[in-house]
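Only one structure is covered here, and it is reproduced in the block below.
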Amino acid sequence: METLYPLLHATFANLPDWAVRVAAFLIPIAFIFAVYPAIFALTTLVERKALGRIQNRYGPNRVGIFGILQPLADGLKILVKEDIVPRVADKFTHFLAPVLIVVPGLLVYLVVPIAPGLVAVDLKIGVLFALAVGTMSVIALFMAGWASRNKFSLLGAVRAVAQVVSYEVPTVMAGVAVIMAAGSLSTLTIVERQSGGVLNISNWYVFRPWGLVGFVLFVIGGLAESARCPFDLPEAESELIGGYHTEYSGFKFALFQMGEYLAGMAMAGVTVTLFLGGYLGPGSGTGLIGRLIAMLWFFGKLAGMIALNIWIRGTWPRLRVDQLMGFAWKILLPLALVNIVAVGFWHFLTPRPVAWMVTTVWLVVWVVVLTKCNASAHLEKREYRYV
Amino acid sequence: MNIAFWIISAVAVLGAVLAVTLRNLVHCVLALILFFIGIAAHYFLLHADFLGTVQILIYVGAVAILILFAIMLTHNVTGTDGPRELLGLKWWSGAAIAAMLAVVLTRAIQGDKLAAALPAGDRAQSSVAEIGKALVGGWVVPLEAIAVLLTAALIGAVVIALEEIRKSR
Amino acid sequence: MEEHLQQLARQQWLIPAIPLVAAAIQSLLPRRARKLSAGICITAMGLACALALRAFIATLGHPEAVREFYNFPWFEFGNTSLQLGFILDPLTAAMAAMVTFVGFWIFVNATGYMHDDENFTRFFCFLSLFAAAMLGLVVANNILLLFMCWELVGLCSYLLIGFWFHKPSAAAACKKAFITTRIGDVGFFIGILMLFWKTGSLNLYTTDGTGALQQIGTQLMGHGWFGWSVATTIAVLLFIGAMGKSAQFPLHVWLPDAMEGPTPVSALIHAATMVAAGVFMVGRMYPLFIAGGSVEQPTFAMDMVLYVGAFTALFSATIAVAQFDIKRVLAYSTCSQLGFMVMALGAGGLVPGQFHLLTHAFFKALLFLGSGCVIIGTHHEQDMRKMGGLRKYMPITFICYLIGMLALAGVYPFAGFFSKDEVLLVTFQRSKVAWGMATFAAFLTAFYMTRQMFMVFAGKWRGGEDQGHHNDHSSHGSHEPHEVPWNMWLPIAVLSLFAIGLGFFGGKYAHYLGAEEEELAGKSLVMGLSVAVGAFGILLGWVLYGRNPQAHASDPDPLESKLGGLFTCLNRKWYVDEFYEMTIIRATMACGTLFRVIDKRLVDGILHSIVWIVRGISQVCRVVGDGFFINGGFDAGCETVRGSGWGLAKLQSGRVQTYFRVLGLGTIILLVVYFLKS
Amino acid sequence: MNIPLGHYLILAAILFAIGLAGALTRKNAIIVLMGIEVMFNSAILNLVAFWHYKHFAVPTAQLFAMFSIGIAAAESAIGLALVIAVYRHYKSVDVDEMRALKG
């Protein structure tokens, strides 16, 4: 609202001040509430289609052209489904959990800038806010699992909580690298620091040695925090029936799906902001046209990240629980810490080529070391003995 | 912003009251989370943005989860508590002492000239950069001490909680 | 140049800091990292040594004594700020150089001595910690910092004496050492408190002249206890601490027992450095001791120091004559030599005392390390009666040991001769009695060292006798003594160089400390007599032990037949331990028992009997006077007493919430009182 | 924007009292710990309120608050670990039953 207000004020000079203020307050909220759920709806369709292609089938193609109305149909179906609450469930908590799970995902978008100066709230601590709010989803997950009074739900919830709490640490640390490089916690500033260079592209943090590592860490962390494949153990159908949302049906179930997707998209949005230059790209600028192009860039990148998520989901197998935790604590966390040191090198070493060389060597060495150290014991070829 | 103060205060007080009175332990924790969020909101209101975020990260993201896990690990999955001794001496004396403390503190604050004399208002913007500089500048030793403390607490907690496993081996 | 010194004073903290960091690292090493641990320890000590030598060299060559210090605030409470500081003056520089240098070589030796110990890593960790604490003590410009380090070296001493804690004797010895020195520390601590109370500063020297030692003339001349001045009172209290640490009579009993520790520890802590800390501390606080006195009219503190030192010197020397354990002889010798130093300080000779400290550190460390070599060479044999003939088997050790022995016996031109001579000379000026005692002690020193030399190195090997195979060594090769590896003999060889040459620098050292040259009376008499008694002692030793070396381990000591009962008495250390056992420890135990009985019977009994009496009376009243007078008040009183007793017992219910509740109530009451008052 | 400092202080006092009441009245050790957390938080709120009204220019109070939060986190971790250990021993988390220190 702080950023939109002067913009609106300048554009609609003849409107009364209070109207501008209210508009500046409401428009971002309305935007967030309208656009991102819409993207969510679209994503479900795209995901199903893409997964279908990956699995050599068609995917939904009956409702509308190319099945484009499928999300609508899904929504309608799920709205009229019976809402079942288990008799022994903790009613209030059971009801509250799906509502709460949507909130953190939406809150994160508050600090994700979509065009120059266009961010709902330009918090000075934007990145930290996004990360902090993201962690609140664990509470909702736990509530859901616990309130269902179902041991699969509870196990799923406990797994989810352990997973999110574990992966939060390397994710935050990967974010710290960017914060260090940008010297600011504000998302707008971070994006602006990535501007310039060749085509407004070459300065994105992902094109730095530490940035690449951070990007990979952040994407992995984001996948794990939103419990997407290959980190979807908490809701693994084959192991836990449905995890924490086993006992949910109807619209509450839909809210869970929505919350998950929103969280995943939110992480994707933060990733875009931190590493992929946010709204930056050739043609993005501060004018009206420039802003529109910037928005296109942002949503294009967001779509790219979502596509990446779908791609990963379609192609990768699920991790085991011990592998999941070991991966977070033994590989990602050390790598994230090493990455922070790399940013330190980057910051203090001049000239640039030296910094490039040193950080690259440092990171490569550590990646190799960590991989070697964590390499699982090579199993001998199995021999069967018949006595 | 007056309204914000009252709303947030109400939420925080409600959360605190529910946290210490509810029957179900898990509900208590959820109420405690509400209280934590209320406090964090107060920090935002007081322009301590960074602190508010830290509050959410640490209390909601870590401490509350820790308490939930502790409840689960004490084999109390449903979170039910024992019967309440509402009319017991213990309950009444505890409540009375707390109430007395509240009264005394409130009276003291009201009587305090300092609190009344201080003007309310917004003077400058706090800067995260300042906090950061202070943390790695003059306050680096306390910071390190806290780091050591947390490490020690981590190890200590693991050791205490792992006692059984060690014994069984 | 001054700036350079100031810079060095600012960097003095590095000297203890390096071993401290090393200790911290070592404490985290796994047990198997033996070489790494020893390497870290020795490297750190080498670095500290280099720093200390740099500071030492920088202070050399100044016309008058330098004194640079650097103070910094530690923390502040209210208006008072507690400062800590480091000092660089000749006393510190020489001491630090000595500690690091001797310590370095002792560490090297320890790698050989402890070679087979499974807790090698822990040992070197403790050694590093000790070195850090000792160096902190030396470089402190602050009595509090000094005291902290003082306690830390005590702790390390405790840990290292009890290093083989599975031996009951070692466990007992470390406790004894700790508790005995603690008795002295009480005095020390009271002295510190008094000093802070009177001067308002714990820093010894400050730039604005408010340091504790800079207020001698002003704040500290008031009346203290027993009609002494404040300075003297504090000095006496501090000296009690020094008595504990430097093993002066009557607090000397812990030092011989401390020999239960590994021998490098004995060399480092109980010969060269820690026990000298008391002497060093007296030297550091010397202005307090001499304040208000003069050569003709010395203060009580000085007299006390003098006579305690002289008595300890003689007393311990007599005990050393009749010991059979190779290390115990050296331990009592250490006590005796410390007595010499203390005596010199008491006689007003700061320079001879400190100089004797330095030379003694070198040759006593040499002797202890030599005895360690002997012990290793003879496969952990400590009884001198079961040694003999080691000259043949351990030539290098023999030569070095001989040098150390000659230095200790005070033979020209070895180091001990010069320093002891100066000590005797300065004592001669003050007190003929003390001088006489010291001279006799010097004679005994020469005698018992000769005795030890002959028993250990001369004659033939008596060690195999226990097994009854003393004719056939070759078949029991493991029992035959052997020379020690290079890492054990190299340190003693290096130290023996200093034991030879250090004495010639006595005059320079006096100049270095800033003392004026003065011609002292009776120089030729004292010197001649000391040479004579030294020679006589060696001669007597040869007559008794050298001419006819002991043939068998079970043979009686030649001296025993001549002295008879007195020898037993000496062998049992004048029965001091037994005396303490009979008196102080018994009395303490009795007190404890008494108080327990009082607590159980009297206090509890009174409480219970009050309750029961009141109850009983009320019962009687109820029964007897049921119809006559119904004494409800009485009844109520009894109930009240009983109830309150019950309530008090109830208070300690073990319920944490009850405590919490009381805490809350107390807070409320305090708050109410506070706000009612204001 | 004219909430006086006193309001915050009173709020903190009330929250502190609520936490104290919880710590005093409940039998479950975990809730006692939660009550202590509430007390911690109200104390930190005091710090921040004073900072906002009194020493806005320097971040010292915020640092203090952060350190307090860190210490509180360590405290709760250890406290809960102890509760779990106690539970293993007594098979109960009732503070009234933890009376080994009874006089």
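Remarks
Chains here go by letter, A, B, C and D, matching the order in which they are written, and residues are numbered from 1 within each.
The definition used in the following text is that a contact is a pair of C-beta atoms (placed from the backbone, for glycine too) under 8 Å apart; a residue touches a chain by one contact, two chains touch by 3 or more.
In this text the structure is predicted, and so the values were computed from the model without any measurement.
Greatest Cα centroid separation from chain A: this falls to C.
Chain centres here are Cα means. That of chain B falls 51 Å from that of chain C. Per-chain CA centroids place chain A at a distance of 66 Å from chain C. Chain A and chain D have Cα centroids lying 34 Å from one another.
Averaged C-alpha coordinates put the centre of chain B at 5 Å from the centre of chain D. Residue positions of chain B touching 2 or more other chains, listed in rising order: 50, 54, 62, 69, 90, 93-94, 97-98, 101, 105, 127. In chain C, 657, 661, 664 are the positions where the chain touches two or more neighbouring chains simultaneously.
Looking at chain D, residues 20, 23-24 sit in touch with two or more other chains. A list of each chain pair in contact follows: A-B, B-C, B-D, C-D.
By the touch rule above, chain C contacts chain D in their complex via residues 649, 651-657, 660-661, 664. Only residues 657, 661, 664-665, 667-668, 671-672, 675 of chain C touch chain B when the two sit together in their complex. Within the complex formed with chain A, the residues of chain B that make contact are 24, 26-27, 30, 33, 49-50, 53-54, 56-57, 60-62, 64-65, 68-69, 72, 77-79, 127-129.
Contacts from chain B toward chain C in the complex involve residues 90, 93-94, 97-98, 100-101, 104-105, 107-108, 111. Per the touch definition, chain D reaches chain C in the complex via residues 20, 23-24, 32, 95-96, 98-103.
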